[in-house]
Amino acid sequence: MSDNSKIVLELKNVTQIFAESGVRACHDISMQVQGSEILAVMGENGAGKSTLMFLISGFMEPGRGEILCRGGKNPADLRALVGMVHQKPLLAGDLSVLENIILGPEKGLFRKDVLKEEIAAVQERYNLPLDLHLKAKQLTAPQIQRCELIRALWKNKELLILDEPTASLSTTQSEELFELLLRLKGEGKTVIFISHKIHEVMKVADRIAVIRRGELQGIDAKGNLSPREISRLMIGEDTLPGEEPAAEKRGEIDRTGVPVLELSNLGYSETGTRRLDSINLSLYPGEILGMGGIRENGLTHVEDILCGLEQPDTGFILLNGKNRMPLTPLKLRRSGISYIPADRLKRGAAPESTLAENLSVLKRQAGFGSYRKRLFSWAGQFISDHAIKGEAKQKVKTLSGGNIQKMIVARELENNPPLLIVSEPSWGLDFKSRDRLHSQLVQAREEGIAILLLTTDLDELLSLSDRICVLTEGRLTEIERTEEQWNRYYIGEKMTGADRA
Amino acid sequence: MILAIFGSATPLILAALGGLLTERAGILNIALEGMILGSAFAAVIVGGMTGSLALAVLAAIGAGVLAALLFNLGTFTLKGNPFITGLGINVLVPALTVSISQSLYGNQGIIRPDGLSGISRIGGMDIFIPLALLLAVLLQIIFFRTRKGLIIRSCGEQEDLLRARGINPVSIKKEMVIYSGLFSGLAGAALSLGLGVYVPGMSAGKGWIALVAIYLGYRKVPGVVAACLLFSLAEWGANRAQGFLGVPPTLILSFPYFMTMAALWLFSVKKRKKVDCSGGFRVN
Amino acid sequence: MKKFRIPAALPVLALCLGVSALIIFLFSSAPGETLYYFFPAVLSNRLYTGEMLNTMVLLSLTGLGIVLSFRAGSFNLGGEGQVYTGAICAVLAARLLPDLPGALGIPVLLAAGVLGGALLAFISGILKALWNVDDLISTFLLSSGVSKVIDYLISGPLSDPDSYLMTTVPLPEKYRLASLMIPSPFNISFILPLLLLPLFHWFLNHTRQGYELQITGSSSSFARHSGLNTGIYQTLPLTVSGALHGLAGALVLTGTYFAGIQGLTSGLGWNGIAVALIAGNKVPGLLPAALFFAWITQGSRIAVLHSDLSLELGAIIQGVLFLLISSAVLRIKIRRGR
């Protein structure tokens, strides 16, 4: 390693809170980025990595704390220093590659031929072939990434940030990228790359920083961290009070009949990349099947497909043995299937409407006379029965998040559905509510309801599920009920990909 | 004949070019119609009072820019829906012209100040024609050879990209709206000064046709100019062949709307067929 | 005890009125007189008052149509065309069925108007439900296009050869709604808003479908996942909105002009939107809002005739309201997200 005494960037007590949502994206982060190194930043989705990158690249100023570079705190210096390669494609489709590269706030005319030569030289030097005349909308995801890389190198950026760079790359392409990164390091550049794939990080990074819930959990040289430790830092060691022992399940579940839900060879692609591949699962009445993973790994897509919003490219979805594709939300409701979504305020509730209205859509109050009167009196009863803290005529947006979830759960369980799809149920809930919700789910299971639990919360997965499967990079792996597999560490590593390191 | 077609296409071209600027920046300027009308009015009033071509044109531009500022106020500062803001201007302008016309001239109808006719002709040709073509060429150069042009072109497509490069897309949009006000000002002046008269409602849907021309011309300068000429030609042809073709000119007035509707429909159908990552919805 | 909330449009209106009064004082040679013509003169005789009341009736109908579409999350910008279509359908019905007795004929003409307006709006509704075509733009475009077609019909095939105006042949006497306040056009149609407004208010606020309609309007994603038939809730309200506009058009024909004159809509569609906004997007507010708007429109008309200052106050207020419509100022949120 050359010149590791030079510090290129320093963060001191950086904190960023988003006022509108109250989300604490970064909390008191202090770290140094050294010259000529490759630093990997790891963490689960929502851990705060992206916000941190916005701060480092100078597009946001930290609420508290400071970011120092080139001897000062000027964000303009940061913007000049840092070149970012984004995770999601960020090019103007109608413009050519060349035009996308040179787009910037400078003024005046430009000499096309001169710039073309300059850029071509950069491409030549780093072996990044790409036809500059292609329109950006014709590019594949790896090519788009390449375009952003070329720009960063053409602009002689000292610090490069790559956000999940291998998400759309093949193994060979990833290898090529890593070679490039090592070479850049050799030239004195600094690289920060965000990843949740431990095995990749172990290959190419010098130091690794782990962020969890907005806080820096640890930053150390690769040699000092094992994949297990990294995984543990990413997922956390919380032991929650009142966690039900996983062993206390009742007798064998009857799996001889027709499964309530069956996914057969499900596949799904998005922007040319295969997000879900060969997904097979069967769910029977009276059991909770937990599907764990990290959101980027496909859980969102599974949820969207199961609620009827997206359609898979391949495979079948069978409800009670019958192929019910294409699934739509209406079809699901007609079959009596309940859905507790992760996106509560968009899919699960109507924030501008009253509590009573939010509850009403599943329970039609038949009869004559004013629907309004019947609705509100029924709702009042329901609310007090389920101890929801709110009034029937209150607008849902004024209720606390926990109460909103309480309402949604109470509503969805009310009609004794044969199948319940529930996603991230205890996200954002306090311990008491979380416990209560878990008991409700267990109770539902006792009554014979089949439950598919999609969650990124490892503890929830373990304490509730009868069976567990893990979704990693689009593929499903079943976890066996053995000493070796049925525990936090094994499952955690499967979720983060540490086991492949 | 060619001159006549170019002459009648000129206001269209000017307005369409202004509309193209905003459209590429991501804002569809519905207020073109009102801007043209207001500018035509201002040109005639000031031209009638001062007898000066230059002042009349300046007044027209001023009216257009004023309307543009209102548009920006409603759309960006007050965060309104741009379509509705545009409609607001289209409603406001005729009302204001009527009031002003009433108090200045005592009537709400045609205004024909003396000596205004032919004021914009120099050497037998309406100066607005070469002006329009010159601006078209200029715009093309700007779009493809200047950095500003790149910025405009990407603003309508990928705002986040601009933000990532340190450019504020909202200020670009606001700027383009002002330019469209300027261009509409020229269009209005071309319209009324060429005839030397202001007729209430003389914009006659040209603002809408300009929008159709933008899409018909595939949102490119040469295409837009060609589309405007095409419309002008069609209008000329319809007037000549009224007896033969059997399609009355009044009916033709409906075509721009139906065409835009058809285009909107096709566009929406196409959009639905594409894979939509955020989850398009299907009819239950 | 119910809290009385000031409709958010009031400050805007007050401002407009204030500025207009100022303009009158500054520019009119006889400001006191002009002010008189603008406001109190409306009630000065039966003609003016009757005209104003007639306009109020019509505006409350189109305003109702707009509120209905707003509640369902749509924006019916095609009111003008729907009114026009309603009128022309009534004209056609009169031509096709000239031999009905008046008591039957008039309802038939009105029904024809309702169907015409409904059909036009229905197209936009279907386009939205099937292909997610923006209803705001499609209602506007279709309405504008159809209006031009109707203009052509009136000046061409349906034109009255005996008249020097652009109009169709006048309706036979039996198909006309008799005036209750001669010489104004105010007629028995005033019963319609008195019946329809409470009906729709009850529908929106006291029936299950009404509630579901409003939920679809405010949170379409939630509505979809709750299994509501969002297709219907997106198409039907728009269609009914068109029907109401068509009804207004047929009423204009049978009650006000008695012939299909070009331009008989005189802004009913646009003014309906203004009225809906002034009413705070609530049905009970429609009558006072319609009264207000009809009053100032009538006032402007009188002032034009008698004074030297012409102020198209109605149009100006409308324009200003449009400019402010989606802004926080009016506090009316129309959910346009998908």
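Read from first to last, the chains carry the letters A, B and C; within each, the first residue is number 1.
The criterion applied here is as follows: contacts are C-beta pairs under 8 Å (C-beta built on N, C-alpha and C of every residue); 3 or more make two chains touch, one makes a residue touch a chain.
Only a predicted model underlies this, so the values are computations on that prediction, with no experimental measurement involved.
Using C-alpha centroids, which chain lies at the maximum separation from chain A?
C
Per the definition at the top, count C-beta pairs in contact and tell me whether B-C or A-B has more.
Result of the comparison of B-C and A-B: B-C.
Which whole number of Å gives the spacing of the CA centres of chain A and chain C?
From the centre of chain A to the centre of chain C is 49 Å.
Averaging over Cα atoms per chain, report the distance between chain B and chain C in Å.
From the centre of chain B to the centre of chain C is 29 Å.
Provide the C-alpha centroid distance between chain A and chain B, rounded to the nearest whole angstrom.
One centre to the other, that is 45 Å.
Hey, what residues on chain C touch two or more of the other chains?
224, 229
Indicate the residues of chain B shared as contacts by at least two other chains.
Residue numbers touching two or more other chains: 281, 284.
Quick check: what residues of chain A touch more than one other chain, meaning two or more?
Only 329-330 qualify.
Would you tell me which residues of chain A are touching chain B in their complex?
The contact residues of chain A facing chain B are 59, 79, 84, 86, 90-95, 99-100, 102-110, 112, 270-271, 304, 309-310, 326, 328-331.
Mind pulling up the chain B residues that touch chain C in the complex?
70, 73-74, 78-81, 83-85, 87-89, 91-96, 98-99, 102-103, 106, 108, 208, 248, 250-251, 253-258, 260-261, 264-265, 268-269, 271-272, 280-281, 283-284
Over in the complex, which chain A residues touch chain C? Could you list them?
Residues 307, 329-330, 332-334, 339, 341, 346-353, 357, 360-362, 364-365, 370-373, 375 of chain A touch chain C in their complex.
Under the stated contact criterion, what part of chain B meets chain A in this complex?
Spelled out, the residues of chain B in touch with chain A are 145-148, 150-151, 153-154, 157-158, 160-167, 275, 277, 279, 281-282, 284.
For the complex, give me every residue of chain C touching chain B.
Within the complex, chain C touches chain B at residues 27, 77, 127, 129-134, 136-138, 140-142, 144-149, 151-152, 155-156, 220, 224, 229-231, 270, 304, 308-312, 315-316, 318-329, 336, 338.
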